[in-house]
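Shared between the two complexes below is chain A, which has chain B as its partner in the first and chain C in the second.
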Partner chain A sequence: MNRENEANRNPLINGALLAYVLLAYLFVFAPIVASFVFSFNSDRFPSIPLGDFSTEWYRAVAADPLVWQGLRNTLLVGVGVGVISTALGFGAAYTDHRYNFLGKQVYLALALLPPTIPVVIMGLAMLAFLSRVNLSGDAGAVIIAHVVICAPFAMAVIRLRLSQMDPSLEPAAWNLGASEWAAMRHVVIPFCRPAILGALFVTMAVSFDEFAIAWFVSGLNETLPVKVLGFLQGQVSPRINAVGTFVFIVSMTLLILAQLLLGRTAAPRKE
Partner chain B sequence: MRRRLSLYGLTFSLPLLIWQLLFFVFPLVFLIALSFWTVRNFRMQPDFDMVNWTTMYGRAVFWQAYATTLTLAAGAAVLTSILAFPVAYAIAFKLSPRVQRWAIMLMVIPFFTSYLVRVYSWQVFLSDAGIINVMLGWIGLGPYGLLNTPGATLLGFVTLALPLVVLLQLFSLIFIDRTLIEAAHNMRCGRLRTVFAVVIPSARVGLVIAALFAFILSFGDFVSPIYLGGGDPTTLSILITDTTKSGQQWPRAAVIALTMIATLMIVAYLAVRFAYRGRK
Partner chain C sequence: MTPVTQAPLVSLEGVAKHFGTYTAVQKMDLQIHEGEFLALMGSSGCGKTTTLRMLAGLEAPSEGVIRLDGKPINDLPSWSRDTPMVWQSLALFPFLTVIENVEFALKMRGLGRTERRRRAEQWLDRMQIAEFAGRNISQLSGGQRQRVALARSLVIEPRILLLDEPLSALDAALKVRMQSVLKTLQRETGITFVYVTHSQSEAFSMADRVVIMSRGKIEQIGTPQDIYRAPRTRFVADFLGSSNIFPGQLTRDGQGRPVLATSSGDFALPAGNAPGIAGQAASLTVLDTRMQIHPQPPQGARNSVAARMIGEEFVGATATIHFETDNGQELRVQKSHEDLADLSLAIGKPFYLSWSPADGHLVQE
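Presenting the complex of A and B:
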């Protein structure tokens, strides 16, 4: 597959390209690694040379009741968003997989477009609309808004899995006397289970990191990322690194779980 | 498999439709109505008044912000595309499938990793006593004022968009017909010329879409312009957050938001038309 032509085998150019790739990954991961390193650094104003090893920023964060409240809100929102988006996304993916109907293009656009709208605009629109119908200012408002942008991710993940399903599998179940509901329960859902779990983790990770829309609609019930935004607006403080490292580890775990689940499902049919 | 929608089918298709109509379409449509409302005594009231549009469009600061935002976002789209291309190219053509999977996985992770924290990290790198200036000091240079510059804003935009752009470019490059490239080589077409004459035109749709996403992400981002760019010159996204959060001027913020949506729609339309030009 990767058999290359003679002209394409200049070791110098290949070496330079690979060095550039490493540089790009360095650029992408430098801020993440720096945040991790400085979260354990004693200096008030992080720079090099490093100060002493210290966990004071973690202790400062852990002693802040608002951070705990933020964490509770984030988890509550994350789980709610994960479950609702995955359910809605599954329905939409299954609809796209199985049905053809007039206006399907519009349906798919509605299902997939929301993440491409800038978050400031979504945030403002959500705030204006939800406060008009008296829904803004609590965790429920954040859930409502996050589902709008997360459901498309769930749909994409599950749609990919459905496209791997043998199209005759469901009709086979019907021919054997299963109702549509029974086929759904005993054939489609089991087949999609890894993708459903993957979608759950991906949507939770997206919600876990989303700060802009949450900042607009959450009012006093801030989520953890909104809290980080608050830290940024205040004075420079390495507490951001401590919270950031924690948030990073959680999103990382969710994503790795998702990729393991999805990677395993993709493998058997392809290879 | 083509059956008519039944109760069973509607159970799966309707929930998302209803949710997105209620909480995606309605709020955006409501923005249009809101932009004609008026604010009296710090209270909004339904109205049909052009005042918000004329006020905003009559302000020099609005048009300055518009020009700044457009320039920065376009710059970020071009810069990110150019920086990302060699990475996507190398991953697509130079790596074994196993390494390729790892490379993709590593690019997916930052896209879901707190952008705020990464921006804060860049502050640590760029500030006057920050990592870069300390290192420059070792060789007797600086310190330079790196933070609160348009360049720093761009750095933030690239941080935001690079992973997604690499991935989108990569997916368009992977699906190029390899025989085309081999044919070019067989006809003694040089490496660089192959890239420009064969690879880039074949992957054009993906490359343009990737640049479009970089533009959209940068156009709407308010974090990098504030915390890396220092809020000056101001951007439309900063105007929206300021107008919404520090005042009761939501109708005016709606005017800005609608202008942004219209701009994005035009840019997206042009980009897609350009991407598919001469194709069917």
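Presenting the complex of A and C:
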């Protein structure tokens, strides 16, 4: 970063901006930190002063077969959703990059629309539709529903990367003897590789956390977030803090991985 | 020089390209001979790049036939022609190393790993970039990338190489060096080069033949010398920018000799260059190096005009002196500093500019 002349900076504005950023982070992360802290607290109810350090809630969670089942469903769904929505997103982004056609603006608007639909409506619609075609109530149904909301994220991420590609790169590959398929395999996909992996992690993270739609369509094959609601309805237990901390760490890890991959591609390339 | 007798390597027969209602290339006939260095020159939008892209198969001609070695290639996809191209942006693959870039075309042709590597190394050697084989493209300088792009295209040892303004991103000194690299490479390999450029100095210093294009049409084809000495049209003379141009009308003087009547006077025409039809519009071009400056009206059978000096510009060993005639036409004369020494030049001072009729050249409007 370039060092700016300090004389061009108003210390008051600097201070205010810093305070603003710190407060925003505090506001966002305080509940998560609290949940994290209480997950290691031996007391039954979250209260201050804290009791002893304890991992009993984690042990309780680990001993619960329902949690394991939920986790297995969540991971299965997450991987499936990641792979399918990244593939779909790549196809949609490449279509936008390579072709011009009548109604392209409409195509783009429709492709990017699903995340803007309220999840309750989406969940309800999915349930109505999937039960009609006898697909509701299993992990496959959750995968289908999650792909609908995740594919646009994958498309957005990969589209950004394609926009950084020299428009001559693909024709250059054809010119050197690569068929369209070979150019796709040896030029377009390698060029997009960081974005493709980033999209994979982002979509997995979105699916991993998603509750409302999964609640509607998962039936007996509940994912972890749906299980957590089950815990809450039964009793308030610090086990929730333990599960929450775990889910948070997994999601954060996926997002940080995605950020690292995407940040590297966005860095200015020396031309 | 080019052997014109043998069959052309590439021929364009009535080739045109339309984009919607816009015509990028109008019915064009062009023959490219084996082993020649051909430059397609013109300002932007003249159709030179579209012509090159049609040769590479990136655009399909709307009309006409393109033949490579006698066979029509209109419908052949890019990847089935051996017409590699050096791109203006170079379009090197940023995720591959230098040697992997050079191997790419061989890999697409299904060559084995060791054979690919061996051939790529030969070309890296030849382009004097062998030491960078394992580097990333982003670690190379502009000149080095240029050499990688050439090696990547030439590794398949094609009969023709297409170049789309490949030097435009380089600084002036490097440009001159790469010009001699390209010219030497072309002479040594005998590969036909088709070189698109808007730069007269690039085209004239490298090419055996130059094609000057304007608005999708060929204005003139010829050796650099021919075009420089005898531009065929007013456009070419204007484009080259090294001649003074007098627009006028063909007529005959008192003795019945053909002259050009211009707003600056009637000028005698060079023998053998005078078309017959009186009354026809035409322009007389005179190279700025062939004009003389006189303090007094010159005697003898020379064309001359009176003009006032308006400026002076030093160009290394020579200087260009700018003049303006009474009716507002600007003229230029290029002379060595020695020739100018005893003229006592001063801005605003009236002079007479003259040239021998033999140094004039008549062009169509």
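One rule holds in what follows: the second predicted complex is superposed on the first by the 256 of 271 C-alpha atoms of A that agree within 3 Å, B and C clash if a C-alpha of one lies under 4 Å from a C-alpha of the other, contacts with A are read in each partner's own complex, and residues count from 1 in each chain.
The working rule: contacts are C-beta pairs under 8 Å (C-beta built on N, C-alpha and C of every residue); 3 or more make two chains touch, one makes a residue touch a chain.
Since the model is a prediction, treat every value here as computed from it, not as a measurement.
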Combined model on chain A: chain C and chain B, fit or clash: fit
First, second, both or neither for A:50, with chain B first and chain C second: neither
Centroid geometry (CA): angle chain B/chain A/chain C, rounded to a multiple of 10 degrees: 100
Touched partner set for A:87, first chain B, second chain C, both or neither: first
Partner chain in contact with A:249 - chain B first, chain C second, else both or neither: neither
Contacts of A:191 with chain B and chain C, given as first, second, both or neither: second
Which of chain B and chain C A:66 touches, first, second, both or neither: neither
Touching partner for A:114 - first (chain B), second (chain C), both, neither: first
First (chain B), second (chain C), both or neither touched by A:171: both
Contact breadth on chain A, by residue count: chain C or chain B: B
A:182 touches, of chain B and chain C: first, second, both or neither? second
Minimum C-alpha separation between chain B and chain C after superposing on chain A, in Å: 9
Contact residues common to both interfaces of chain A (with chain B and with chain C): 171
Contact footprint of chain C on chain A as seen in their complex: 166, 168-169, 171-179, 182, 186-187, 190-191, 193, 269-270
Complex contact set, residues of chain A against chain B: 1-2, 4-8, 10, 13-14, 17-18, 20-21, 24-25, 27-32, 34-35, 38, 45-49, 87-92, 94-95, 98-101, 107, 110-111, 114, 116-130, 132, 144-145, 147-148, 151, 155, 167, 170-171, 180-181, 184, 202, 205-206, 209, 211-212, 216, 225, 228-229, 232, 236, 240-241, 243-244, 247-248, 251-252, 255, 259, 263
In the complex with chain A, residue positions of chain C that touch it: 56-58, 77-79, 82-85, 87-89, 91, 93-96, 104-105, 107-109, 138, 152-153, 156
Chain B to chain A touching residues, read off their complex: 1-6, 8-9, 11-17, 19-21, 23-28, 30-31, 34, 83-84, 86-87, 89-91, 93-97, 101, 103, 105-110, 112-125, 127, 129-131, 134-135, 159, 162-163, 166, 178, 181-182, 185-186, 188, 190-191, 194, 213, 216-217, 219-223, 227, 237, 240-241, 244, 250, 253-254, 257, 260-261, 264
